[in-house]
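Below are two complexes that have chain A in common, paired first with chain B and then with chain C.
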Partner chain A sequence: MARRNYYDIDDILAGQERVPCVLRADLDGLGSAGSGGASKVHRNARWALPYWMADRLNEEDYVDMEVSPVFSKRANRMYAASPESMQLRAICQHYYQFGLQLGDMVPEIPHVLRNMYVQRVIKVARIAQQGQNVEALDFVQSLDKTETRMLKLCQQAQSAISDWHKNQAYALKRAAVVSAAGS
Partner chain B sequence: MAITTRQTEGFTMPELEYLAQNESITIVPLHRMDRIELVRGAIGPFRPPQKTVVPLWVAIMLKRTNRCRIVAPKWMQYEHLRDLYKREEQPDAMFTRLPIYYLEIAHMLLTFAEDDLVESQGIRRLLQDLREVRQSKTMEGLRMLNSLQLQMDNLSMAEINEIRPLFGHSFDMLRQLDGLAQATETEQQQSQFADQSYAEMDDAFGSRYVH
Partner chain C sequence: MLGDEAFRLAKEAKDIAADHIPAYNEEQVRLVTQETRYLWTRIEEMIASLNTAVADQQRGGSSQTYPGSSQPYGLPNQQKQSQSQTANTQQSAAQAEIENTNAQTALYFLTLNRNKRCLLAYHHRRAQFLRSLLWTLHLASSMIPASLSLRLSSEEQSYARDYARLNSTYRDAIENQLCPSDSLNWTADGELPPRDLFIEVRVIKDCGEIVTENGVVNLQAGTQHYLHRSDVEHLVTIGYLEHVNPS
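Presenting the complex of A and B:
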């Protein structure tokens, strides 16, 4: 089981991603939960369930979970080919977290993720250093949550040093209460 | 306790400045003073015009009240910095040797003791150039990131602090991925279909396969 942080909001949100499943048993009265209106759902019907649900039901053998299209074989080949031009935000906002959770099911995931991450994070660091310009805007809009957080951290680190150089690291100002009381 | 994001990701620059003020520096005191015993050591005695070695915070304090003149440290001479810059600019060079708090010390001296430095504008410019070259080198170091170890000698404290969030989180991510890869590897070695998946992985990713 991949490392899961029970209280981590990003983990929870990442687990919300839908995976296709095949029902193994007839379920009564749950038809409205799926995409149909019928009250009975037959076995071998296909359903898209959130990963956290599908994982548990898979263990209990109520469904057969299949690999999400985000990490299908075709998708993995695309990721390996051109990591930097992938629109991760469109594909899956919590791409890396979701990949870590699916890691048991798909053995190529560590490679794919590692490849993606190392290449993209280099670009992220370069953008943080040189400031954003027009070409970088497209890339920045395609980052997923983890990467945007990394970008923000890098930018903060950069601005911290340059602010400090200009002696603007902190400003001591008189509190409004004090100046109001004094006058 | 209220704490900002920047404080959780490492030191803040004012904190580093505070830490840097413990470094020693040579001054020429302008007034006579007897020995003072402080907790971390003794200051003085001051017998002008003899030079004495004091911690940086004492030097800054005295300088601000016009009681001393600061002698620029050896590494902060214009020629030395220029040589360092030339050496740093050569491709594939390691980071040059600079004191671990060089950025902070330089900043404080340039702010408070500019009249004691020769060619302060040149020094400012050189320090800026030096910092940019070193920054581009750390970016290249990012390329060599793996989950086990990364060695970059002669980085100063402020620079380490700057790259700490990025490198730290990247290390974490890579370690998680490695742990996952190992878990699935042992799982597969115990299953029947090991050969096929290894071959597939080799085809798809070539020599990037981690043994």
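Presenting the complex of A and C:
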């Protein structure tokens, strides 16, 4: 378990997403200029903190964390209405990972995520099978990181099938590292 | 923002793909460790000041100065009637200051752990890449392409050498146990089962001569041979030969 969560780079990247908070104490070092003394934020001010910070400070009651706009009630209604047309890359690049981390706070998140994922992944798989498709470019550009990885996997599976047709499946190949370095 | 330097390291770790690794960002690692050490000294200072402040409060809270903690509210000249009032504001101000310091300490501590996690994940990912690289090169750490070894730090290069040596020692020990007079074929691909006994290969880089079961074969660049799979498989993986497929 530690290996999956602690060292997982995607987990770290997704935890950096900002959530709005109300501070309960004066805090230093939250400005964009680094931990300079001039960037003190006073209590009862609203500030967007990264999720990893906000979650733990919330437990200690030093801030009050609110639900990120990515998963607000209004946003959830939009997601339920039309999953396939949502621009996930614009909304939040690590949409699914972030939703997993927020899961404790907002109880509907599992349903929202599942709905989105099931609808979109069907489209992703269909695009992967069609090869180069210019019309689907808009959709491909709106995928978040998890979905792009899924797309790449599907495309690899497709090329594996065509390799097998050409009797190339069992050909020994030069390691990717060597060919990238040697050229 | 406090955790940003460490986040940059995490992003670089994400860039590592099967065939590409960015250069070891020594500068960034140094920045993050520096920030972490600074945070730790600040935490120690703040805890020391908190201890004295809380002790003072418990003693009655009416002392004039709080050694170590910064008092933002000046002490006005009290008159007898407002003395209790000022004592109260002083109390609540001190309380607020204590809470601020508490929150600040918590924040610094969280950032410290986040920095540590990012550092560890960065190095872990790079070490993972190194290990898989070594296995494709059949544990010959000297065969790492020069362009790649430029991007590794010196510690990573010695890690690669030590890992290769550790594995070879282990392998030899196993061979001595299982088949003392023979040697096992360690270069066979563990995941892809072999299809045929002989394969057709074309030589790309000059390998010199190899010993096969049918005698000595001279592998010169540009020639094509039909050889036992087990003899030449490892040379295909590292790019010296090319597998020609009769399709």
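Basically, the second predicted complex is superposed on the first by the 150 of 183 C-alpha atoms of A that agree within 3 Å, B and C clash if a C-alpha of one lies under 4 Å from a C-alpha of the other, contacts with A are read in each partner's own complex, and residues count from 1 in each chain.
In this section, a contact is a pair of C-beta atoms (placed from the backbone, for glycine too) under 8 Å apart; a residue touches a chain by one contact, two chains touch by 3 or more.
Bear in mind the structure is a predicted one, so any value in this text is a computation, not a measurement.
Enquirer: Applying the document's definition of touch, where does A:Ala45 land relative to chain B and chain C: first, second, both, or neither?
Expert: The answer is neither, since A:Ala45 touches no partner chain.
Enquirer: Considering only the touch criterion stated at the top, classify A:Arg126 as touching first (chain B), second (chain C), both, or neither.
Expert: In the superposition, A:Arg126 touches chain B alone.
Enquirer: In the overlaid three-chain picture, which partner chain does A:His111 touch, first (chain B) or second (chain C), both, or neither?
Expert: Touch status of A:His111: first partner only.
Enquirer: One more residue to check, A:Gln168. First (chain B), second (chain C), both or neither?
Expert: In the superposition, A:Gln168 contacts chain C only.
Enquirer: Taking the superposition as given, does A:Ala80 touch the first partner, chain B, the second, chain C, both, or neither?
Expert: First partner only, chain B.
Enquirer: Go through the superposed model and pick first if A:Cys154 touches only chain B, second if only chain C, both, or neither.
Expert: A:Cys154: touches chain B, not chain C.
Enquirer: Which partner does A:Val140 reach: the first (chain B), the second (chain C), both, or neither?
Expert: It touches nothing on chain B or chain C.
Enquirer: Which holds for A:Val67: it touches chain B only (first), chain C only (second), both, or neither?
Expert: neither
Enquirer: On chain A, which stretch or stretches are contacted by chain B in one complex as well as by chain C in the other?
Expert: Shared contact residues on chain A (touching chain B in one complex, chain C in the other): 167, 170.
Enquirer: Under the stated contact criterion, what part of chain A meets chain C in this complex?
Expert: Going through chain A, the ones touching chain C are 6-10, 12-13, 16, 24-32, 34-35, 50, 52-53, 56-57, 60, 62, 166-168, 170-182.
Enquirer: Under the definition above, what is the set of chain A residues touching chain B in their complex?
Expert: Per the stated touch rule, the residues are 2-3, 76-77, 80, 96, 100, 103-104, 107-111, 113-115, 117-118, 121-122, 125-126, 129, 146, 149-150, 153-154, 156-158, 160-161, 163-165, 167, 169-170.
Enquirer: Give every residue of chain B touching chain A within the complex, in rising order.
Expert: Result: residues 5-6, 9-10, 12-14, 17, 103, 107, 111, 135, 139, 142-143, 145, 158, 161-166, 169-170, 173-174, 176-181, 183-185, 187-188, 197, 200-201, 204-205, 208-209 of chain B touch chain A.
Enquirer: Can you tell me which positions in chain C touch chain A when the two form their complex?
Expert: For this pair, the touching residues of chain C are 1-4, 7, 10-11, 13-14, 18-20, 35, 38, 96, 99-100, 102-104, 106-108, 110-111, 114, 117-118, 120-121, 124-125, 133, 136-137, 145, 147-148, 189, 192, 195, 199, 233, 236-239, 242-243, 245, 247.
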